[in-house]
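Note that the chains are named A, B, C and D in the order they appear, and that numbering of residues resets to 1 at the start of each chain.
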Amino acid sequence: MTHKIAILGASGYTGAELVRLIATHPTMEIAALAANSKAGLSIAQVFPHLRHLSLPDLVKIDEIDFSGIDLCFCALPHATSQAVIRELPNSLKIVDLSADFRLRDTEEYARWYGGQHDALDCQAEAVYGLTEFYRDEIRSARLVAGTGCNAATGQYALRPLIEDGVIDLDDIIIDLKTGVSGAGRSLKENLLHAELSEGAHAYAVGGTHRHLAEFDQEFSKIAGREVKVQFTPHLLPANRGIVATVYVKGSPDAVHASLSAAYAAEPFVEVLPFGEQPSTRHIRGSNFCHIGVSGDRIEGRAIVIAALDNLTKGSSGQALQNANLMLGEDETAGLMLAPIFP
Amino acid sequence: MTHKIAILGASGYTGAELVRLIATHPTMEIAALAANSKAGLSIAQVFPHLRHLSLPDLVKIDEIDFSGIDLCFCALPHATSQAVIRELPNSLKIVDLSADFRLRDTEEYARWYGGQHDALDCQAEAVYGLTEFYRDEIRSARLVAGTGCNAATGQYALRPLIEDGVIDLDDIIIDLKTGVSGAGRSLKENLLHAELSEGAHAYAVGGTHRHLAEFDQEFSKIAGREVKVQFTPHLLPANRGIVATVYVKGSPDAVHASLSAAYAAEPFVEVLPFGEQPSTRHIRGSNFCHIGVSGDRIEGRAIVIAALDNLTKGSSGQALQNANLMLGEDETAGLMLAPIFP
Amino acid sequence: MTHKIAILGASGYTGAELVRLIATHPTMEIAALAANSKAGLSIAQVFPHLRHLSLPDLVKIDEIDFSGIDLCFCALPHATSQAVIRELPNSLKIVDLSADFRLRDTEEYARWYGGQHDALDCQAEAVYGLTEFYRDEIRSARLVAGTGCNAATGQYALRPLIEDGVIDLDDIIIDLKTGVSGAGRSLKENLLHAELSEGAHAYAVGGTHRHLAEFDQEFSKIAGREVKVQFTPHLLPANRGIVATVYVKGSPDAVHASLSAAYAAEPFVEVLPFGEQPSTRHIRGSNFCHIGVSGDRIEGRAIVIAALDNLTKGSSGQALQNANLMLGEDETAGLMLAPIFP
Amino acid sequence: MTHKIAILGASGYTGAELVRLIATHPTMEIAALAANSKAGLSIAQVFPHLRHLSLPDLVKIDEIDFSGIDLCFCALPHATSQAVIRELPNSLKIVDLSADFRLRDTEEYARWYGGQHDALDCQAEAVYGLTEFYRDEIRSARLVAGTGCNAATGQYALRPLIEDGVIDLDDIIIDLKTGVSGAGRSLKENLLHAELSEGAHAYAVGGTHRHLAEFDQEFSKIAGREVKVQFTPHLLPANRGIVATVYVKGSPDAVHASLSAAYAAEPFVEVLPFGEQPSTRHIRGSNFCHIGVSGDRIEGRAIVIAALDNLTKGSSGQALQNANLMLGEDETAGLMLAPIFP
């Protein structure tokens, strides 16, 4: 059986990545592509790398007849997403890639995103989309909220450690480096090639990045108490890839054992042998997350390093993994593409 | 039915690219991986991006029992390849990715490659591997010689034009720009990141690049007379991708019509609408070749621009396409992966 | 004696490059910096790399008292430049970096730039700023028009050859590759890092790039007859640097001799030994232009390759070189900075 | 008065950077360039970007007559450096850029560098070359040991804080990101463009990087007790630039005040306004170090970020700054070049 898929926001990078992945999916068919600002154009005009595919032209969202759609990916900007999803049919399965439905607490949402949520009902029912940890809820969900790409990376490194109680909860530092595609296809001076190439810098320093809201929500929930981490993102001169270097206090062996056990059966999360380190270039273009653990020379301290592709495992690949579950398909369908190196 | 595949020279970039592509191939199984200098290592140690695959460890070539192998890819250096292939069983189907069997004329080989060929029998039977133009011969060949990556790019732009007689044969210029992975994984000062990043330069200027031998052989054969082109390769600060800008004298409309007709039924070669230009970033990681045609402001001159990924359509993808034909499989099997952008 | 300098358009890349160069100039002092959109900001806020310099804050153009200014650099967008320069005091020496005053023929200007010129008087008196060829006129000029960066590169390769009559004037091809900073600091989707990194493509193919107007004007003037070249620019994934590969018909030896003689006494133009090729990374950040000549395997054809930094020798360095002449200073003052490599 | 300078190891990146800087130095003249492996070549053959300079050809070290040399820069590999320096005339002033003379304790040297030191006398007299903190000793030194580039970056961020007692000495984490030129011009697979471009990874994780020996030595000396930091270096896809993100426990205001006071009079170290962050692209090619301080959302924790160019302030620029002091010149001579951006 073929599932009919719609993608809203198909002219952005996560939209393009969804199309790329679904292109070789065995049981999905793209039935509608929407991008209000580029309605009327063909996919070849918006994304020439997808020109070999037979796909419908881009339309406005309200031109789509959702009655024939089985599942809809929303790759729209924050805030826009909630306004659109609120109006979609109740029967439609939805995977949202924006930040709009990630937070369970309406006040936290208002605090981090600066305003009242416009689709509180949807927010209430949404399931947090970190597949490996919400698999059962996702399988039966109508609306799944894709995680932040940085938030996913940090959580892969830390959730089992918090769950297993092997680290000090009051002294966790996530120093994260991310490629530029995470910022999307928006016209900002600081995203120009001439501004970014051959350099690196930190941003949102000191606890202001919105993905902290996800860390707070999830880590505190697991721990059963408030957990606040330090988190500093840096921008890399690379298009894809996140590497998060996480500093924890705890036994390095216990840390490695905890992570190894947690992900032993996972198809996409690989814990490297103790002392080896991942690289963003070894997961590029794939749905894999590589995690390495080393002990520091100072006893009782460990460094956990997680790497994934922000556009794949960090958003569109994760979204497809969740969609597979929601549609009763094999969770890995369409997602076993090997990374591209070099 | 599953075909058992061996890859010789699996520790280089074209070897890794073969593994990447075969990883999702429906009817191929990698039964042996050889790399003399890294024998004993696992693929994860040599190419961490392939660590999720269940693959045999690397061995020395002479450790392989070829009786169970259906087809063997040779991704070995020039000269090494002929010495190895000469000793392989006669019944084994072989796709060679080196330069050793590309030239039909033994004297031309000696002139361009500086020495006598060591496997003249094999050279005599080898079929030139530019799939779209040698499809029938490849289907029944035992030994197929993969083309040079630059040679492939130039030929996609020019073969139909020479065949159709729509351009001046005495005034053809190929100005080509290539990413660095075409030079392989060899330790040379001029391939260091610090030497290449953020710059560009020409090399092998004036008619010394060995891929000219392929241009000479093929273009002269098509034209039925000697054809000598000018060819200047340049090195780009990018890992993958070749873009060849070809200057010809002839009617731009006729040029576009000739190319459009030649590739109308081809699954991997796309001729863009007149006046549009390809980009290496829109074919990255895929087996597609995009071709654009524009007329110059000077009447009777056209510019043809062809782009492909040197590691995929330029070598390992082409090799797999040929292997599919040799094994009676669908020519596109395992090759419809969409390009990765951004 | 110290010359008081004003820079209009100081928030763009050529403006920043002027400040960088003047920072170590022995006899110039920056007295005013204007950037209408960023008036009120300090240079450290607009260009943090210049924060160590003691400089006036950015103001609006009409806030500058030009009576105390000896020379003004205009690094404004095309069209804006002519409107501003028209209103500047007649006594003020001006080096314009825009395209507004490069063309001598008002009809040619209208044809290439799509409209009537608004400062015809200024256009009439402006001197074309390719220093090595207009040195005397520049020395006594009030208004010098900086050349296009691509136009400069092509002219360094070709002017002596046309002057000396050593090449066929009807068959000249300039295949040019340029870094992205030539496009300025403007917010365009195709200048984003994620769009440009790790790829290459041609643009303005077939004779539509405006720098052709400069080639036409200058080459025809030298030849005493109409000369029309073919010119194809390509965008490189690099911030700085242009390499122009020029295909000509003529004796390679004569070509090399012509260029060597023409530039023998020039401080900034270096002709390499016959058969050597320049690289953009070897002139980065400097005012040097490197030129290489090779013969093709086809007799009577030569390849000339010129490389320079678009922001330095291609615009701001050239502008400073011209300003030095206009102010009676040593032409090389402030410009002998060595290239930055790696 | 002009000082005669010799550079040993002139064919590496730090050697080239020394030449670049000295090229515009008002009172230094390069009298000898040595590079044993490339003796007999001109500088233009080894570093084409320096071809405009009139310089002696490269020779073997033992061909240099040191009697006419005032100061010698040694840009040789570790271990080689001590063997060479041991044999140099006692009267010669020397700035060494290797790791050979950085450590005061011979046992620490043996532990980190795996063997006995071969020039213990020289080791005993060498002065640690972090200019801002050893200015007086450097002024009268015969032999100055340039610091590690990573070690310099971390020390600029931390020395004043340890000195002023404003941070917890037992909980310091330096997460550092460095460009690839720090690894030198050596032929290693992991330094190839195809291996590094568009990716990032940590290396020497857990306390194994040799620059830790410098941190230990210097921080413990300042504190008067043992101080051991955590230090994780990462490799960036960029040629130049280090950014160190340092996590400390202490009052952010006190941290900012301490750094601001320490560097208030320094010509090359700039402390940014509180809450602003440096970027490697804003110090590229210059001798400046930019430092930013932010407070974390968790009270009592601060993030200090320092950025410098590893080839300039991190090695060759630092070396020249020290040479200026040793020769009685203005400390900033030849070093006020503005950074190159973009």
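Operating definition for what follows: a contact is a pair of C-beta atoms (placed from the backbone, for glycine too) under 8 Å apart; a residue touches a chain by one contact, two chains touch by 3 or more.
What you see is a predicted model, and the numbers here were worked out from it, not measured in a lab.
Look at the CA centroids: the one farthest from the centroid of chain D belongs to B. Compared on C-beta pairs in contact, B-D and B-C come out with B-C as the pair having more.
Each chain gets one centre point, the mean of its Cα atoms, and the points for chain C and chain D are 36 Å apart. Chain B and chain D have Cα centroids lying 45 Å from one another. Note on chain placement: the centre of chain B and the centre of chain C lie 39 Å apart, centres being C-alpha means. Counting partner chains per residue, chain D has residues 13, 181, 194-198, 237-240, 278-279, 281-282, 284, 342 touching two or more of them. Within the complex, the chain D residues that touch chain B are 13, 180-181, 185, 187-189, 191-198, 237-239.
Against chain A, in their complex, chain B makes its touches with residues 13, 16, 19-20, 23-24, 47-53, 181, 197-198, 239-240, 270, 278-279, 281-286, 288, 290, 311, 336-342.
Residues 171, 173, 175, 177, 179, 194-203, 205-208, 212, 228, 230, 232, 234, 236-241, 243, 245, 247, 275, 277-282, 284, 292, 294-298, 301, 303, 305, 307, 342 of chain A are the ones that touch chain D when the two sit in their complex.
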